[in-house]
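Labels A, B, C and D are assigned to the chains in the order they are written; within every chain, residues are numbered from 1.
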Amino acid sequence: MKIGIIGLGRMGGNISRRLMRAGHETVVYDRNPDAIAALVGDGAIAASSLEDMKGKLDSPAIFWVMLPAGDPTEQTIASIAALSGDGDIVIDGGNSFYKDDIRRAKDLAEKKIRYVDVGTSGGVWGLERGFCMMVGGDKDAVSHIDPILAALAPGIGTIPRTPNRMANEGEDARAEQGYIHAGPAGAGHFVKMVHNGIEYGLMQAYAEGFDILKSKASERLPEDQRFDLNLTDIAEVWRRGSVISSWLLDLSAAALAKDMALEQFSGNVADSGEGQWTIDAAMEEAVPVNVLSAALFARYRSRVDHTFGDKLLSAMRYGFGGHVEIPQ
Amino acid sequence: MKIGIIGLGRMGGNISRRLMRAGHETVVYDRNPDAIAALVGDGAIAASSLEDMKGKLDSPAIFWVMLPAGDPTEQTIASIAALSGDGDIVIDGGNSFYKDDIRRAKDLAEKKIRYVDVGTSGGVWGLERGFCMMVGGDKDAVSHIDPILAALAPGIGTIPRTPNRMANEGEDARAEQGYIHAGPAGAGHFVKMVHNGIEYGLMQAYAEGFDILKSKASERLPEDQRFDLNLTDIAEVWRRGSVISSWLLDLSAAALAKDMALEQFSGNVADSGEGQWTIDAAMEEAVPVNVLSAALFARYRSRVDHTFGDKLLSAMRYGFGGHVEIPQ
Amino acid sequence: MKIGIIGLGRMGGNISRRLMRAGHETVVYDRNPDAIAALVGDGAIAASSLEDMKGKLDSPAIFWVMLPAGDPTEQTIASIAALSGDGDIVIDGGNSFYKDDIRRAKDLAEKKIRYVDVGTSGGVWGLERGFCMMVGGDKDAVSHIDPILAALAPGIGTIPRTPNRMANEGEDARAEQGYIHAGPAGAGHFVKMVHNGIEYGLMQAYAEGFDILKSKASERLPEDQRFDLNLTDIAEVWRRGSVISSWLLDLSAAALAKDMALEQFSGNVADSGEGQWTIDAAMEEAVPVNVLSAALFARYRSRVDHTFGDKLLSAMRYGFGGHVEIPQ
Amino acid sequence: MKIGIIGLGRMGGNISRRLMRAGHETVVYDRNPDAIAALVGDGAIAASSLEDMKGKLDSPAIFWVMLPAGDPTEQTIASIAALSGDGDIVIDGGNSFYKDDIRRAKDLAEKKIRYVDVGTSGGVWGLERGFCMMVGGDKDAVSHIDPILAALAPGIGTIPRTPNRMANEGEDARAEQGYIHAGPAGAGHFVKMVHNGIEYGLMQAYAEGFDILKSKASERLPEDQRFDLNLTDIAEVWRRGSVISSWLLDLSAAALAKDMALEQFSGNVADSGEGQWTIDAAMEEAVPVNVLSAALFARYRSRVDHTFGDKLLSAMRYGFGGHVEIPQ
């Protein structure tokens, strides 16, 4: 198939490359001409504008928008909408908020444009490993782009099959290939959002565990209670037959093997919006999520030296006990 | 009555003073001769050693130990035990771990020494305001020292009476005076321990709330979403008729009135052992305590720049997404 | 002054009564004629409709809307706006979301109507104790209704003054009377929202602490580790001189004095929207709020027998360990 | 080699079988004669008592104790110690508390018995998949039993190697085979304990995430905000190329494929002691662990209908607001 790709960053560029390797044609656009040139070198067709892209695509035209969530995505989709019409398909492959998808799908439907939201996991590894995709939107549109999705997905590969798969009605055979049609517009990004919420929780569980291991050498402990543990070996051994083996553990093991002190990392941890949206969704549903929220808040906390709250605690302690807490 | 007081720090000194004001005699000892001299200036009888103290007390002798929990308290009680016998009373008024009380009471009982644990709240304000006391131990011993406890307690004062008090069997009339006999040895410090666990939770609730108020002026927010709130006024107004009025809020209001930025406080917040013991007790009982534990952990977190876990999070993010997190 | 009050539930009715006691006139309206009649019996002027109310008020007219947040408040304010104009004042005394205030104030300003949001704490006790009020909106409008606010507020009463009050520039003298002008439209409800978020945290801290005390009698513990504690006495003694004395503790002591087992209460705990909004605000500001969120989530959890997540945990345990978890 | 195995439950039985498959001889004992008979059928040598076992082993004798932590393990090790001496090796392969290991190793060393603690992960899958082992104790003893450990471990298998492994000094080549010598006595169980603490956190992260997905169909939400998601498909697709793929997710996918409603599971989730010990260790080190503790507390909460704390919340709400919370 032929597909237009807007946004040629790490993710967009690799999506284009993986599609071309599978024999698809990609028409590519980015604000940055160098990014376009790099893809053209790999076999893509350059577009000088969205209008130019539209002219170079088949009918119905398929656009894959791969831009930061918020204004960049919003404005680009509006521009594409202005150029498009009957049966054209707009895919948002970024990390949009799923309520924006619901709104956009409704708006675009009035112009007979079909909107598909694709939550995409796989990061920098997607080119080789394939992308795991959670898709929301109109059923016909999702079927139409199936060759694209199938090419981007990892496929069944060497991962063992789950027993009883496809024994129940309503299951999606594509799941074993690494993508699903999760539901109507917004469902793809909703599932991806929760995926990221879980990701935060998993990461923080490992982070706390390794912190306990490392601090077991702390001088705070009596000397005969200390262990000087090799975290690199521990991460490695857990990859092999333990209950907590995972891809995130593989990454941890690799980072620790490179430098067990992780000195190159500042410890100021960013969060994309999805952790926050996951907590919002949980609250709308009245679902208790102490782990997912604690994981998000640990990141907020990592980015400040002291909260104002910490100072207020000290002030209260001084007030009732005369405790004076001076800088360490 | 006549009572020996060992340990003349802030708490022990004020206990001696409040007892003398009520007409009791105190025989006082401290490692530091200046501390003894100061109390003698206020009317106390000096003891040059525990042995000397014992000689200056009536029979049965009453010892009030007011020292840091752990070794200092443990060793002093052992020394007193070596000097004491039939019917003498040893009071631990500090913050001992309640399981140590259970053990000590059993050991001392073999020598007919009666052990009483008194969890004492009131801090530097106790001299004027009176001390709130939670008492564990032998019933007769607790009755014997009632004049001491009654003198230290705040008394009914101006605090309104709770409706229905004393309508039920088994209630302790002393509660309205500000002290109770909570149960056998250890019960006093157990109740005080949970008191401190709750205290951590209350403090952190205010801390987080004021943090949200202060950060409402943050540049992270869109300009039309910011409020520049006067925290001093807010703390004050909440003292008056709101659901969250409390003594800790009074202290917060006083600290904020002195300096709304709380600049003199570093934000490194200490914890005594009791928050930790409270979580231990909850786990032994399988009681979920997300608030009390979060309050304790916030203090741990306040004392380090970055956890090792923060760095591991950054390392994983780099691993799957190529995200680079550099120092602020 | 003369003021119209719309919504004569527990809060609205008591506000009307407290104002009349202070010599103000209230024109009252409610969907339920009985509620109107009850207030008329206390001296209020009945209004048969909003239009009728408007006719019975002076100019500028002052409307106090005391209705559930969301549609009831929204629609009533829209109706008032249709009747009102130059200089009239609309007060939302309910629990509206502060972003709704910002929007409404902007909309009403186009018609020269002045909008004031009043976060009101005090519950069923407000009639006697006075209401603690956090006010947002136009400065002139807030000044105009000052006699109303002053009459509703508790006043300085017997609560001790905070040292250093009014020593700093910019402080609001009204705080000591029990109300403040917190900032522009929305600021009143924002401060009240955080107040409620803190309230949840404080309540959960006590709840967890009393749970630990009660479960200390649990058969899960070895017999010599159990204490059968009198919670009624403990709540009472903490009211007197302890660090954790508060109004919420007073209420706890009263409830426990009535029935130490609290058997009349189901334990399904509701939450109004404000706990959730507080977490939302914290996330917008990137403030870590583990205590406030845990308090909210404990309420969600209290309302279901088992989460689906609990079942998934059991399913995983069965998967890796063959553990079978059957109903208790 | 020849090894005695005491405790032929799921774990002990499979350890014996896996060792025999690798050509080792096992002498087996269990309180239950049927368990012995079953192993003998698979080629093991029966022991009628610990004394009998000792007689059938080589010198130094090697004992692998695979019993529940606490009294059963403690008493069995004492009995073995009474029979053993110079150079004999006692392995505790169960889930003992690491401080018990430190104590036992010291005690046994006085009799020249060498103590090794082996934290063992792998559950019911270990027979086929191999066991991941974290070993603590005397270096010579650990070297002596290396053939045993190597046979039990999964080996390098098909799991990709971690880049940079063995590039740093001090790394343990055995980690890639699935076992490590973590440190002195206790270090093995300490690392296994933290492993289980992390396991709880990971499981709860998935549990909360799937709860949000399932509750997205809740009638609490406005109808146009609901998605009826297929959790079976979602678990499956996340196994394939997503950031959160893991063995626990594989197990979740298998459970959901069998029954998406998980109806056979009650949702009362047990915890072994290790989650609790992990929190204890964290507190001793002053490491904040909001995620690991929340995961543990969710299990406590899953086992009661209502906490007493829930009722106290209702009682306070009734006290300040007149809110009546009746059973759902």
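Definition applied: a contact is a pair of C-beta atoms (placed from the backbone, for glycine too) under 8 Å apart; a residue touches a chain by one contact, two chains touch by 3 or more.
Heads up on the chains, UniProt names are A, B, C, D = Decarboxylating 6-phosphogluconate dehydrogenase.
Note that the structure is predicted; figures quoted are calculated from it, not measured.
Colleague: Looking at A-D and A-B, which one has the bigger number of contacting C-beta pairs?
Modeller: More contacting C-beta pairs are found at A-D.
Colleague: Which chain has its C-alpha centroid at the greatest distance from the C-alpha centroid of chain B?
Modeller: Checked the centroid distances; the maximum from chain B is A.
Colleague: From the mean C-alpha coordinate of chain B to that of chain D, what's the distance rounded to whole Å?
Modeller: 39
Colleague: Please work out the Cα centroid separation of chain A and chain B, and write it as a whole number of Å.
Modeller: Inter-chain centre distance comes to 47 Å.
Colleague: How many angstrom lie between the centres of chain A and chain D, each centre taken as the mean Cα position?
Modeller: Roughly 31 Å separates the two chain centres.
Colleague: For chain A, give me the residues that contact two or more of the other chains.
Modeller: Chain A, residues with two or more chain partners: 123, 204, 206, 208, 211, 215, 243, 247-248, 254, 286-290, 294, 297-298, 301, 303, 307, 320.
Colleague: Applying the document's contact rule, which stretches of chain B touch chain A when the two form their complex?
Modeller: Spelled out, the residues of chain B in touch with chain A are 10, 123-125, 203-204, 206-208, 210-211, 214-215, 247-248, 251-252, 254-256, 262, 265-270, 290, 294, 298-299, 301-303, 305-323, 325-328.
Colleague: Contact residues on chain A for chain C in the complex?
Modeller: The touching residues are 243, 276, 279-280, 283, 286-290, 293-294, 296-298, 300-301, 303, 307, 320.
Colleague: Using the touch rule from the top, collect the residues of chain B that touch chain C in their complex.
Modeller: 99, 102, 121-123, 126, 129-134, 153-154, 156-160, 162-165, 167-168, 170-172, 174-180, 182-184, 186-187, 190-191, 194-195, 197-202, 204-206, 208-209, 211-213, 215-216, 218, 220-221, 224-225, 227-230, 232-234, 236-250, 253-254, 257-258, 260, 278, 281-282, 284-292, 294-295, 297-298
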